Each structure stands twice: as C-alpha cells, then as structure tokens.
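Several structures are given next for inspection.
Both complexes below contain chain A, partnered by chain B and then by chain C.
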Partner chain A sequence: MDEEYDVIVLGTGLTECILSGIMSVNGKKVLHMDRNPYYGGESSSITPLEELYKRFQLLEGPPESMGRGRDWNVDLIPKFLMANGQLVKMLLYTEVTRYLDFKVVEGSFVYKGGKIYKVPSTETEALASNLMGMFEKRRFRKFLVFVANFDENDPKTFEGVDPQTTSMRDVYRKFDLGQDVIDFTGHALALYRTDDYLDQPCLETVNRIKLYSESLARYGKSPYLYPLYGLGELPQGFARLSAIYGGTYMLNKPVDDIIMENGKVVGVKSEGEVARCKQLICDPSYIPDRVRKAGQVIRIICILSHPIKNTNDANSCQIIIPQNQVNRKSDIYVCMISYAHNVAAQGKYIAIASTTVETTDPEKEVEPALELLEPIDQKFVAISDLYEPIDDGCESQVFCSCSYDATTHFETTCNDIKDIYKRMAGTAFDFENMKRKQNDVFGEAEQ
Partner chain B sequence: ASAGDTQAGPRDAADQNFDYMFKLLLIGNSSVGKTSFLFRYADDSFTPAFVSTVGIDFKVKTVYRHDKRIKLQIWDTAGQERYRTITTAYYRGAMGFLLMYDIANQESFAAVQDWATQIKTYSWDNAQVILVGNKCDLEDERVVPAEDGRRLADDLGFEFFEASAKENINVKQVFERLVDVICEKMNESLEPSSSSGSNGKGPAVGDAPAPQPSSCSC
Partner chain C sequence: MNPRKKVDLKLIIVGAIGVGKTSLLHQYVHKTFYEEYQTTLGASILSKIIILGDTTLKLQIWDTGGQERFRSMVSTFYKGSDGCILAFDVTDLESFEALDIWRGDVLAKIVPMEQSYPMVLLGNKIDLADRKVPQEVAQGWCREKDIPYFEVSAKNDINVVQAFEMLASRALSRYQSILENHLTESIKLSPDQSRSRCC
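Moving on to the complex of A and B:
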C-alpha cells in the first residue's frame, strides 16, 4: 500500500468500478479500496438473506419459508439495463459481458386508474392495447410513426417540428394526444420522473422514446435486461477488468484520511499507511464534507410468493405509476425479479417499489405501488439521502460520484461516469476509450 | 437447455465446435504457481521469474475425453487473491476448481481450508475440486509433507495430487482427472429431473461472443 499510484478509487459501487476499469485499461496505476468486506457498496446485491435481515435490524431473521439464505441476492437499488442503452454499450466495449449472463425482463406495465396495462410501444401493440380508445389509438400510432422516422440530422423527417425550439407539449398537441396517453408516453416510454420535460425542446424526449423502442426491438418483450445473480455482479465484472489490467484491490480497508496539499489531493491514509496518488475517485460517503444533499429516495424491498397480478405471471417486470395518476410530482416505480434470475429461493419474487420523497410520510407515498403487490411476505424499508459533489473536482482532483437516483435504469449513472471521465482526463469521453488494449484471452479459440 | 424463450441472439456457429464446455477456476494463495500451472498446461511453457498475474483473463483449450470434444475455459484470478478480494462473480458457473498450495510454503497450505470454504459458499453444489500441492520439484525446501496434503484433501472430500509446473510433473494429469470427475458427476446428475448446471443462461448481449454456451448442453 505504501506506494505511488496514478489514481486511487474509494468505494466499489458501479460508477467507481467502471471508472477504475477505464483507468486501468488506459495504463493508469490504480489502487481501489472499499471500507466494506464486500464489493459494490450501495450497488451490491445482499447475500445470504440473513444479511439483509441484519442490515434492516430485523433481528428475528428470515423464517424457514424463505428457503436457503444463500439462494438470495437482493439488490438495494432497483434498476434494469436498457437493452440499447449506454451501460450495455460499456459492457460490450469492455467485454465485461464475458463475466455476466442476462435475461430479458418479461414485461413493462403502466398504471392507469388503479389498474395496470402493458406499455404499448410499437404500432401493432398500440392498436391492440386496451389502454386507449379507438380514435386515440390511431393518433398515438401516427405519433409513434413520426418518432420512429425522426432523425435529428434530417429536417425532412421533422414534419414541421423544430427539435430545438418546439416544446414536447406542442408536439403532443400536434398529434392531439390526450392526458392518459401523454402520461404513459412521457413516463413509461421516455422514462421521465416528472412533468418538467413538457416545456423543454422536444428533441431529448423524442430521442428517449427512440431509445425505448430500439431497446425493445432488441429482444421483443421489454426494453430491459437484468443480470443473473443480481445487479451486484456488474461492479464485480468491472473490478475484474480493472484487476486484469493491473488494478490493485483491497476490501475491508477503512479510510482514515484523505491527504491534501495546497488544495490538491496527494494521498489516502488507511490503517497507518499512506498511499500517494495524483487523482482520487470516490462515492459521496467517503467525503461527507464535500457533498450536498440533493433529495431523498424511498425504496421498499418486498418479498412475495406470487407473481404480480395482471402481469401474465411474468417472472420479471417493471411497473410505472405516472405521477399524474396518483396526484404526485414524481413517478412511483416497481421493479420485480424472481428466482428465475438466481436472486431468490424457488418460487419467490422480489419487488422493489421506489420513488423520490415528496412528503414527511414517504411510506404512505408508495402505497399505490404496495397495493399492487399484496400479499407481501416481508417488507424492508429504506429511505436514502441522495448526494452530489459540491464542486467539479478539477481543482482538488477529488472526483466524487453522485448517489444512485430514483430512475429505474442506468442512463443517469452512465452520464455521471462520462462526465467524471471528462473532468479527469480533460478530453471528452469516447466509448472507444474503454476497449481492452491487449489480448487477455489465450488459447486456440476463435477469439 | 436453458432460458427457453427468453434466449436471444443466436450463438455463433463457430462456438459449436465442441460437445461440452467446462469453466474451470484456479484458486489459492498468491505465488503458489497458478498462472505457471496454467501456462504449462495450455502452452507447455514455463517462466521462472515471479510475475504477479496481470493481463490474463482466461485460457481456452479443447481436449478429447471419451470421444467428446470438451472445451475448457480456464480462468485465472487476475491477482485478486493477493488481498483476498476475489469477486463472488468469479465463482459463478464454475464446474471445477484446482485449489493450489505450494509445498514449500506453509502459509499457502494453511489457507487451503479457507479457500475451500469460499468455494463451498460461492459455487454450485456439484462443483468438483482437486487439491494440488505445486512445486514438488522443490524437495529440499518442502515444508508440507505429501501425507498432510492427502489427509486434508480426504477431510475436504477432494482428490489430491502433487505436481510441478516447472518440471512438468502431473500437470496434464491433474487437468485430465478434473475433467473426468466432472464428467462422472455430470453423468450421475443427468438423471431425469435434475436441473443442476443449466442455470438459465440468458441472451448474449449485443454482438459480443457468447462467452458461456450452456455448460451442460447434453
């Protein structure tokens, strides 16, 4: 540990592990430490189940009906990967796909008037959906055709819309879409958490809907993927990448002090030893005095012994409850996975309901989601503060990630990674930067 | 044999040039000779200087056993054993382990029990393990009697070999034995209603080569 490194990384969450991998692949000498005895921090999957009960101070532990504890890998933060999204791109460029197996999430649903409906996102599905009336369907279909054809580099596809100035509200008006359709388009297709996007230029929204449709087109059932054994496999995969390229890993390593000289980081002190570095990456928990609170998220992990009603017995799904439907400012999400993903004992399901906290009684806010899940065998309630760094780190060379937000995919996490990379390297992020620089698979194979 | 209709992305035809695919892992303390052992087996080469493992993900070798083409994917630790930070993900889907110690290093032998516990905790129940006392060419420096190795292996329910990557003693034999015990176990558990081994491989993400064809496609 008494050595000089280019980069020290504190915390083994997904953001930190991906950055660590990029740095190592690019020849930086990396020391990566975590105060916990396991990988992943907030983005780990807790195993065995006994650990989850301990973590939530449920001292009686899991009942026998929960099966074998080690069959469980329970995520603390519910998220899926967009099949055509940035994290999948990162997995492909780094070939971390070697270490993981994925399943397609079986369905995506949206809540309307107390019931849930499959999210229609193709023309065919739109016409078959009972979410809309006959005329509404036709208008929505026209809108989807417009989005599918839309190409920001080809004004001929704009149909009179200016991507930079026309608001999304006006685009909806142009296609004469009603409030319910606007709700599921903005929240279940474009995946906005609030309605703030309505008065923004429409380009971003149109591209988000395209991402959804293109992701959906990859595998058909939903635009989402989920890794077997839980999300905790993701940071571990990138940690292995970093290690193959020379990164040194230490877990169970308390950080006593971050050493600064003239306002710039020079090293990290742990258990009496000092490791020196030029740059530092960390999650907010390692530098509490350099971050500020940026909201709160409530996440309720629910263990069920049944699939969610009206989902066609899907063994995995997402349900979005648009804020308008329940008189809120931000959406409520449910992400459900099950024994089919090696995250729960046979016959068990894990549904996590989450939302951005708006009131002083957050548990009550999530109730519409919980009602969809009943009967619930066991609940674990977590209310987490979200943090973001107070500065961009360019002066101190301390680069802090943002907490994982309430979104149910990894797009914002990837944006954070790209942004931190840019601030650290001084050049824009390019996926090409992530490619392995040497052959590390040997043998006679077809590699 | 697996995820059924959630399976997406057809597997590359070139990947089908084998009957079975076994994922094997090397495990044990730093500098007991895991990487050297791997290089001796896969390339028949040996580098005496100690270089900590960097730059190796896994090695691939196809062997013929009992008229079957078996593709071995042999994974190295990426150096993460040094501070005991091997990821639990490393153990997923492994069908066999070479748990290695150095006969000239007591500490590496004392750690065997610990590694065995890790294997039991993180790999599937049917994974097969062979205990290997490496560097048996270093007779003058031996601190672990072969008998101790054998007794420990018996206690743990593993098979046992002493070997030397440097002198090419028992290297091939160890791997062949591991392949054989996996095959034996597979035949046993292939009785109807057994589901072990086919733990639902999902879609190959994008166009990347599917790294793990169903490990038990038989």
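Moving on to the complex of A and C:
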C-alpha cells in the first residue's frame, strides 16, 4: 500500500482474476485485493462444509453422516466449462491449465413430459433416442449438417440463408423441424434460456450450436468439463498467473473508500492507507452506488447420497428443463457433481438447481427440478441479485464486472471480460494478449 | 542405467518473503545464483529429473510466485503436493518465527491422508556473517516435529542437493504407500484439435 499501481482490482471473482492475469502478463503493475480471507468472491467453492452451513445460517452445523468437512468444496455458482469454449481457450493461452485438472461431465439430459432424456452424444444414441421420431431425425440430421458446414465468411455455405437477416424461426421452417425438435435444439444445444432468440438473426444461434457440437466432439460423453476440487480453483489459477508476473495479492483487506478526483479514480483507501492507480476493476459489491439491479437468480444447493434417477448412475451431469415444459419464461438447470471430483465426501453428490427468478416465490419455481433430486439430505437456498454497471468506465476509469447469470457455462462471463478489456485498453481483445511472455531472468522448465 | 519405474512428484517451497526460496530452486535445478534480489517474477514451476534407486523421479517444484508477501497463497499451490520445503533465513529471526504459521498453513491446505506429509526445513544464507538463529534452536524445532534440518547456502551451493533429495526420498516413500488413486480419469487440457464429430 501507499504505492502507485497501474491497475487496482477489487474482488477475486473469476472475472476479476482473469483480468488481473491479463493485465499483469501485459506488464501492468497490479494490486489485487479482496475483503474476504479466501479467493473467489461470489464464484468461490466453500470449504470446509461447516463454513457452508455457517454461511447459510444453519447453526447446528453438518451431521456426522456428511463425513469430513475438509473433503467438501461446494460451489456457490453452478457452471461447467464448454470444452471448446472461450474459458478453455483462456486457460490454454495463459497456461493456467497446468495448475488444474478436469473431468468430462458424464452426460447431459433434457426434461420432457415429466421425464428426463439423455442428450445424444453419438450417432448411435441419436438413432435410439425417443426424443424425436424417425422422420424427424432425418430432417434434423440435414439441419445439423447445414450448421456444421456453415461458414459466415463463405456465402456458398449459406443455402439461401442470410446470417444477418434470416431469423432462426425461418431456418427451422426451412428444414421443416417440428416444435419438439425446435425446443431441443434451442435449449439443449444452443443453450438459450428463453425463446427470444427465435426472432433474432440466425448467426448467433448457428454459432452456439457449433460450439456445442465442437465441445462434444473434443472429449465425447458431453461438451462440458469440470475442474477437480471445484470451480473455486479457476480464479486461483489466474491469480497465481498474475502473481508470477508481479501482481500483488492482499486477502482479508477491507476497502474503506474509492477515491475519485474530477470524476476519475485515483486510488483506494484501506485501513488508513491509500494505494494510487490509473484504472480500477471491481465486482459490483465494491461500488453499490454505481451499479443497477438487473434481475435475480435462485440457486438451491442440494446434498444427496445417491445419483440422480435415470442418469445411468452418472457421477456428474447436467439437466435442462426447457421453460415451456413448466410454463415459465426461462429454463431451469441442474448441475450435479460428486465425490469423484474431490468436492464432496465419499458417496455424496452435490446437485445445484438454478434459474432466473420470475415471481415472488422463486423456491416454488424450481420445484420441478427438486422433484428430480429427491430424497435430498440438505438444501441451501440462495437468491442473488444481478447487477450491471451504470457507466462504461471511459471517464471514471472504474470498470465494473457483471454478476454471474443463470447460464451453466462461462461464455457470458468471458464476453464480459473481453468487453471490459476493450474499454480499458482501447483495443479489441485478442487471445494472443493472454500469452505468457519471457520478461525476466527466470524461465519455466518445459513440462 | 535403465531404471524401471517412473514417478511424478509435486513439491512446494514455502517461507517468508526474501529468505531465498527461488534462489534455492535455481541453485538446485539450474546450478545458478543471481546476486540481485527480486521478488519472484515469472517463475512458478521448475522441473528436475533425478534417479533414486530404481526409480526415475520427475520433480515438479512449485514456487510461491510472490503471493507469500501478504499471505495470499492460492489453494492450487498446495493441492496434490507430495512434499514441502520450509525455508527461513538464518540472519532473519522473524523468518524463523514465522515457520509455525507456514507449517500450519501447509497442513491445513493439503488433502489429508493417513501417511504423514513429508517436510524438510532449510536454514538458508549460512554464507553470511550476522547469524541470528543458532543451529541448535532450528534443530530443536525440527526434532519435535520429525522434520529433517539442513543448513544451506543457495549462493555457495552448500547442502542444496542433499536437502532436495532427502525430501524427494521421503515423498517417494509416501507416494508408494498410496498407490490406489481415484484421479486416474482426470484430464489435462491440451490444444490438440483431433477428432471431429457431430451429435
């Protein structure tokens, strides 16, 4: 403290830690602080289990049947990584992947008519699936081939579709796909939470279906990856990257004030000391007067002693409940992981149900998901506000991240990172910006 | 020589800022010493291959990356580690007094197992004159905890190899007694773009 930095970062959520890593790799002098004694903020994995009970004010603490408290690492935000998604690219470019190990999520399921069906991961599974009829499958296959071949830079692949003007609804109509197939495609493959995309130009949807297919092809079984020891390992991996490029880390450090002069940030005051900076990055909780509320998410963390029924005893899986199956506007998701990922005691499973809140009784909204999980040993209910920044930071040089939304992947988080980077640096984000540089006398030995 | 077994071990080095952790690593791995001090920058993992008996060991040694300055270590640093080097500076009494905290941190963060976690203690900078921590005091601290103690100099390469190999040997013994491993399915991300399929 009492020093001058290029960038001060407040909060050690994933967005903040990735930006901190990028800034440090690019030679900026970075100070990164968090008021908590642990990394991760809202995106942390809580350990030991006693801390989770305390956080949710369950004062009696965990029963003995939960096993050793330190075997638990419980995510507050349920998400998986798309195997070919932007976060994986960030991990690879920064080589943060060397600090982490992953497992492929064992399956993805979609809810239809009160039952769950596996999202096919092979052609054999697709042919055998009851999700759609035989003739529908042939039309669907033609559609998927079209998507796979589609190249927005090559008009020969367009087949009469204009990526900038043809709506997705019209693309579905072109391939004569029925409502069941449309629902499946939009929610289980393109991972849209609502149906708003139907009347938008089709390019984004085509790219999202491509991302799903490419992610699935990478490892098989499902398109999703999950890190051993929980999602809380991700911000720490990037924090370590920042540190080895000179970033300074302070946990357990309260922020008393953010000091502005003439509408521009000049420093941060903590415990009587002032650290000066040219730019500030933070999560919404550090600047409550400069953010606006943009909705709510409910997440119910459930501890089980059994795999979820009809998942073929999977140790990990995702279940998507499309919104029109339960008369809602947004999909409900379940992400399940277990002791096999070093996040729970032996024989225990963690399933997290989540969705965007639409009514004044959000717990009732997720009941269709909870019914799939019974019997539940213990529930932890969290209803979180979603915040987004009021200003873009160009004048104030205060760059605030958005809250984590109800999606079960990190693509929106990575988009937020790229957008903040562009506003801070004045140039579009390029993954090459994340590559490690040799700017010191020490070098890492080859692995 | 054609040793039969190959084992990968992750070792970590911890201790107060400025005691010489990175210099010790570089003396061990690269046989070099840099006079000018700088908090660790860029270095994070060094590798060295050694042979102990009939086993080829690939040691992956993790440095703190400067996060020890404000006690902001990340848990990935500790997880999966097979052994720990505790380091202090014999000319800095505070760095010796901090060892209880460092050892406590390590034991609190590693994944607990039946076999006790191997550690060694290094008292660095014995090449300097103004010593503050007597050898007997350091040995006493170690004796009660069953931790081997080495007086070392990263600068003059005194006892560095012996210290690292003692830890590697203890870590290997523990590793061999924990051969059931439920992490066999985990994957390391790689840039390969093979396989192309559609659902």
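Keep this in mind: the second predicted complex is superposed on the first by the 433 of 447 C-alpha atoms of A that agree within 3 Å, B and C clash if a C-alpha of one lies under 4 Å from a C-alpha of the other, contacts with A are read in each partner's own complex, and residues count from 1 in each chain.
Keep this in mind: a residue touches a chain if its C-beta (ideal position, glycine included) is under 8 Å from a C-beta of that chain, and two chains touch if they have at least 3 such contacts.
Quantities reported herein were computed from a predicted structural model and do not represent experimental measurements.
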{"item": "Combined model on chain A where chain B meets chain C, clash or fit", "value": "clash"}
{"item": "Contacts of A:Lys221 with chain B and chain C, given as first, second, both or neither", "value": "first"}
{"item": "Which of chain B and chain C A:Thr412 touches, first, second, both or neither", "value": "neither"}
{"item": "Which of chain B and chain C A:Glu106 touches, first, second, both or neither", "value": "first"}
{"item": "Partner chain(s) touched by A:Thr97 [first = chain B, second = chain C, both, neither]", "value": "both"}
{"item": "Touching partner for A:Asn26 - first (chain B), second (chain C), both, neither", "value": "neither"}
{"item": "Chain B versus chain C as contact partner of A:Leu251, first or second or both or neither", "value": "both"}
{"item": "Which superposed partner A:Ala126 touches (first chain B, second chain C, both, neither)", "value": "second"}
{"item": "Which of chain B and chain C A:Gln236 touches, first, second, both or neither", "value": "both"}
{"item": "Which of chain B and chain C A:Asn207 touches, first, second, both or neither", "value": "neither"}
{"item": "Touching both chain C and chain B, counted on chain A across the two superposed complexes", "value": "39, 70, 88, 91-92, 97-104, 218-220, 225, 228-229, 232-233, 236-237, 239-240, 243-246, 248-251, 340, 342, 438, 440-447"}
{"item": "Chain A residues within the chain B interface of the complex", "value": "38-39, 47, 70, 83, 88, 91-92, 95, 97-104, 106, 218-221, 225, 228-229, 232-233, 236-237, 239-240, 243-246, 248-251, 340-342, 438, 440-447"}
{"item": "Contact footprint of chain A on chain B as seen in their complex", "value": "3, 6, 8, 12, 14-15, 17, 42-43, 54-62, 71, 78-80, 82-85, 87-90, 92-93, 121, 199-209, 211-212"}
{"item": "Residues of chain A touching chain C in the complex", "value": "39, 68, 70, 88, 91-92, 97-104, 119-123, 126, 144-145, 148, 189, 212-213, 216-220, 225, 228-229, 232-233, 236-237, 239-240, 243-251, 253, 340, 342, 438-447"}
{"item": "Sites on chain C touched by chain A in the complex", "value": "22, 26, 29, 34, 38-48, 60, 64-67, 69-72, 74-77, 79-80, 111-112, 182-183, 185-191, 195-199"}
